[in-house]
Amino acid sequence: MKTAIKGILAALTTPFEDEKIVLEKFGENIQKFNRTGLAGYVVMGSTGEAPFVDDHESELLVKEARRAASDDKIIIAGTGRDSAEWTVKLTNRLAEAGAEAALIKPPYYYKSRMNYEALKAYYTEVADRVKIPVILYNIPQNTQIWLPIDLVVELSSHPNIIGLKESGGSLAYLGEVVSRVSPEFMYLTGSGSILFPALEMGARGAILALANVVPELCVRLYELYQAGNREEARKLQYRVIPLNRALTETYGIPAIKYALDLRGYYGGPCRTPLLPPDEKVRETIRKFLQELA
Amino acid sequence: MKTAIKGILAALTTPFEDEKIVLEKFGENIQKFNRTGLAGYVVMGSTGEAPFVDDHESELLVKEARRAASDDKIIIAGTGRDSAEWTVKLTNRLAEAGAEAALIKPPYYYKSRMNYEALKAYYTEVADRVKIPVILYNIPQNTQIWLPIDLVVELSSHPNIIGLKESGGSLAYLGEVVSRVSPEFMYLTGSGSILFPALEMGARGAILALANVVPELCVRLYELYQAGNREEARKLQYRVIPLNRALTETYGIPAIKYALDLRGYYGGPCRTPLLPPDEKVRETIRKFLQELA
Amino acid sequence: MKTAIKGILAALTTPFEDEKIVLEKFGENIQKFNRTGLAGYVVMGSTGEAPFVDDHESELLVKEARRAASDDKIIIAGTGRDSAEWTVKLTNRLAEAGAEAALIKPPYYYKSRMNYEALKAYYTEVADRVKIPVILYNIPQNTQIWLPIDLVVELSSHPNIIGLKESGGSLAYLGEVVSRVSPEFMYLTGSGSILFPALEMGARGAILALANVVPELCVRLYELYQAGNREEARKLQYRVIPLNRALTETYGIPAIKYALDLRGYYGGPCRTPLLPPDEKVRETIRKFLQELA
Amino acid sequence: MKTAIKGILAALTTPFEDEKIVLEKFGENIQKFNRTGLAGYVVMGSTGEAPFVDDHESELLVKEARRAASDDKIIIAGTGRDSAEWTVKLTNRLAEAGAEAALIKPPYYYKSRMNYEALKAYYTEVADRVKIPVILYNIPQNTQIWLPIDLVVELSSHPNIIGLKESGGSLAYLGEVVSRVSPEFMYLTGSGSILFPALEMGARGAILALANVVPELCVRLYELYQAGNREEARKLQYRVIPLNRALTETYGIPAIKYALDLRGYYGGPCRTPLLPPDEKVRETIRKFLQELA
């Protein structure tokens, strides 16, 4: 396993046509991404319409990702279901299919019950029983749950929990976690709007929806920072924020897919209930892309 | 299909042991419930740990419910997944297995996108494509989504949408929906604490977690109301509210299962991450049950 | 003090013109309301733009209300500020000015700190130190705080706390409070959409924004219920729900004031930042009023 | 007016004893703070229990702050009330008393109405009518309102709006605002946990609760950053995060006041309903302070 994840990973979209998965388009997208400096791919992250895809389809997607990805790209699968039992079953099935690590969001349907002890029990049981390493996933926008900082620190010493993707966008959270866990624990930001300050605060890398649409810019920002060129990194960060906000907050996955279509990848429609962007949204996306070209 | 649902249905718990489903306990519970005045059963409702159970397990549960239930009891299955596609697939599979209607909560992972049009598209596509009637399911405690009243009214004219289970507990919502839809549309409350006033405002019946634990009292309250004995109905309503709040709000499914164990049914543990009730919770439940005995 | 509040009270609007209070319009409205069957008036409730009005203005409003109101109408003042100290000071000043009871919402700026003990300390200190009786006020729409049921029950035994206005609209809450407090404790609903079922569950009366606009209908509904005519009460309840939802949920105080203008009272503008209703809103309000005429 | 605010300002606590303001303690604290490198003071910010203090008391506090502060320290007053009218009246009264700028949070009681247009109307009317410059204040923890980025950008061109204090802690927000407004517009972070990355992203300074308790460390972090010593700035940032989280998130103002007492300032009790910290909280605060000593 390439446990030393760093740099930029793309949280891939899942291609559909008439509500069905189009595997070949998925593979073609990945082959194009192979030519970029991306470090790897997340299949069935939040950008991948994960809760829209059943277990069998998930397996097909991971197999295709592994087949299409070049050898140097890590494949991480989003495998979180609401019970530990189901999550373990799905994770091990996707490990067989080629996933090298599992990105696992917290259970969130019974959120009033998801206190420290419940979340600890869930992640511990899952990490104990799955065959690939676990990456914790904090995404309060969708789950209404913040993984408690103390819990992340406690879980970071589990031998099979190797990192955290944090999509809430809090650098206070980042700073406290990074300063309290061992250096091997990988902190990855999930927000393309704070990549630069997250690296400055100690993040190892990022898993980004934005890296679907403008992978080159995300990688360049990372490299500028690595090269110590903060001034240019900050400027590039400023430049991508408006597009990133449009794609991830204001308009969501339908807009990401539209942007992919514009950029020469396959975007296509989402599954219902995510509806196509209207012309006003499309115009906004075109404008932001042109400004970045 | 017994479309004329009325009276009290129980939202059944799903029996587990060591994280595995115990089908025979599920059947035994149902056989005991057959002797009560319950009108039917919901399999994999929110009380049934629905998001913890995969598609194959769901099929086994519905088959067992159909096998164990007496002929006069309707079997409704919770079949909502986040995409229309997956929901259709699961619903039709469970229809084959014996489900007579589908109770479908709204998609809620991408909740910032779940506006009127998205929810309408979801329910319309699902209702168009499934082989059994659809019951809408409003449960904002878990989904953070209120189905808009105007949407419920609009969807009520779809030939394959036959009713609504409303668990948010709003009688204003009830009053407006009932007065704007046709009399055939079935409004069912999902809260055992407001059964009496819900009937008074026009609800046809109820699907209740409480009806697992004290089915006799729920049925008696319904019958008192039907008989025009509002004074006794109100008194009985007052008596069950504290237990219902403890079971459904304060402590949740682990407490419901403990109460089932006390009442001679199989409760057992939940799947992780729902943790067993501690002694203080158990004592509270025992006390409330004794007061109702 | 007319502690035996029952029936329907109006939560009055506060008349403004060019951002200034227009006291004479306030008095004229009250004189018109005197001819209805309303039991009294709330000055500076949530409908009265309470947080927009300073202490001196509050005093003028209470004095004018007392002057204009007929003797049989009780005057209740909204006096809740965020600290006990300020609330006590304002309450006693308004008691001098003629307020007969104080309606007190919980402090809500530091809401993450407003646990059981903090709310208990607040209400206890206030009730100990003010010269008029206190009515608790649950309005989670605006405060994001639900007064815990157990706290309401505990506070109900304080000699200077005489009742509760509950605007969250929960009949489960109503049922549990009413069945656990002494019969002298006055439970008043704050929602015109659930007046009928609230009375059925044990409410003593109501404080309603809706009672500004259609006081006659609110009073008639109350009287129908008192006379045992549930069928007509339910029908009337259904009829007023759409208007009430428009006024209190969808459009708010600017729409209430527009409706007052249409009904021959003074409505006028709100203080900034509450903006005037646009023509689409005004048309909706006109339509609902015509349907009720 | 010292419009060129930069560096670190303390959001002062308000000293009470037996629920009454103790002005001399307020002055003594400020005289001690005068010896630090703080750039100024905020009177009646969120840390100052602003909603607990009436208009007359606010005036006394500002006068005392102006009297006690050395000439080089700017005095900013929190003056936001829910209506523009009241806010203008209070702001101009406090301008007379010595406030040099006004920090104004959005109205939040009628938050479902506080859309873009309402907030724009509020801030525009206030800024037009007050005699001192306005600083916008984004504090969603307490108000549940995020000032829209586009609104901040639009308001930044108002001649009497000079900056923004952002306490939500979002660096994406910071990055977008800073890159879209003129360089004169002052972006101040309100979170002591992200001071370092906020400066890196373009913040001009900070208004901090933390700067009450450890003003020296806050100033040192700022100076390290100004000197280009990012490594040490980051390390110091890590060190203060746990204390800052305890003071501002986990325990709040009562803990800040306890820490002030330990550090040789006057902390004292809060007004009811903010209750004194228990021994466990006090021990945590002592521990964090010792680790920083």
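Which chain is which? They are A, B, C and D, in the order written, and residues in each are numbered from 1.
Just so we're on the same page, a residue touches a chain if its C-beta (ideal position, glycine included) is under 8 Å from a C-beta of that chain, and two chains touch if they have at least 3 such contacts.
Since the model is a prediction, treat every value here as computed from it, not as a measurement.
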Taking mean CA positions as centres, which chain lies farthest from chain A? C
Which of A-D and C-D has more C-beta pairs touching across its chains: C-D
Inter-chain centre distance, chain A versus chain C - centres from mean C-alpha coordinates, in Å: 48
Roughly how far is chain C from chain D, centre to centre by C-alpha average, rounded to an integer in Å? 35
In chain C, what residues contact two or more other chains? none
Would you please name all pairs of chains that touch? A-B, A-D, B-C, C-D
Which residues of chain A touch chain D in their complex? 149, 169-172, 175-176, 178-179, 191, 193-194, 196-198, 200-202, 230, 234, 237-239, 241-242, 244-245
Chain A contact footprint on chain B (complex, rising order): 19-20, 46, 49-55, 81-86, 89, 107, 109-114, 117-119, 121-122, 125, 141-142, 144, 252-253, 271-275
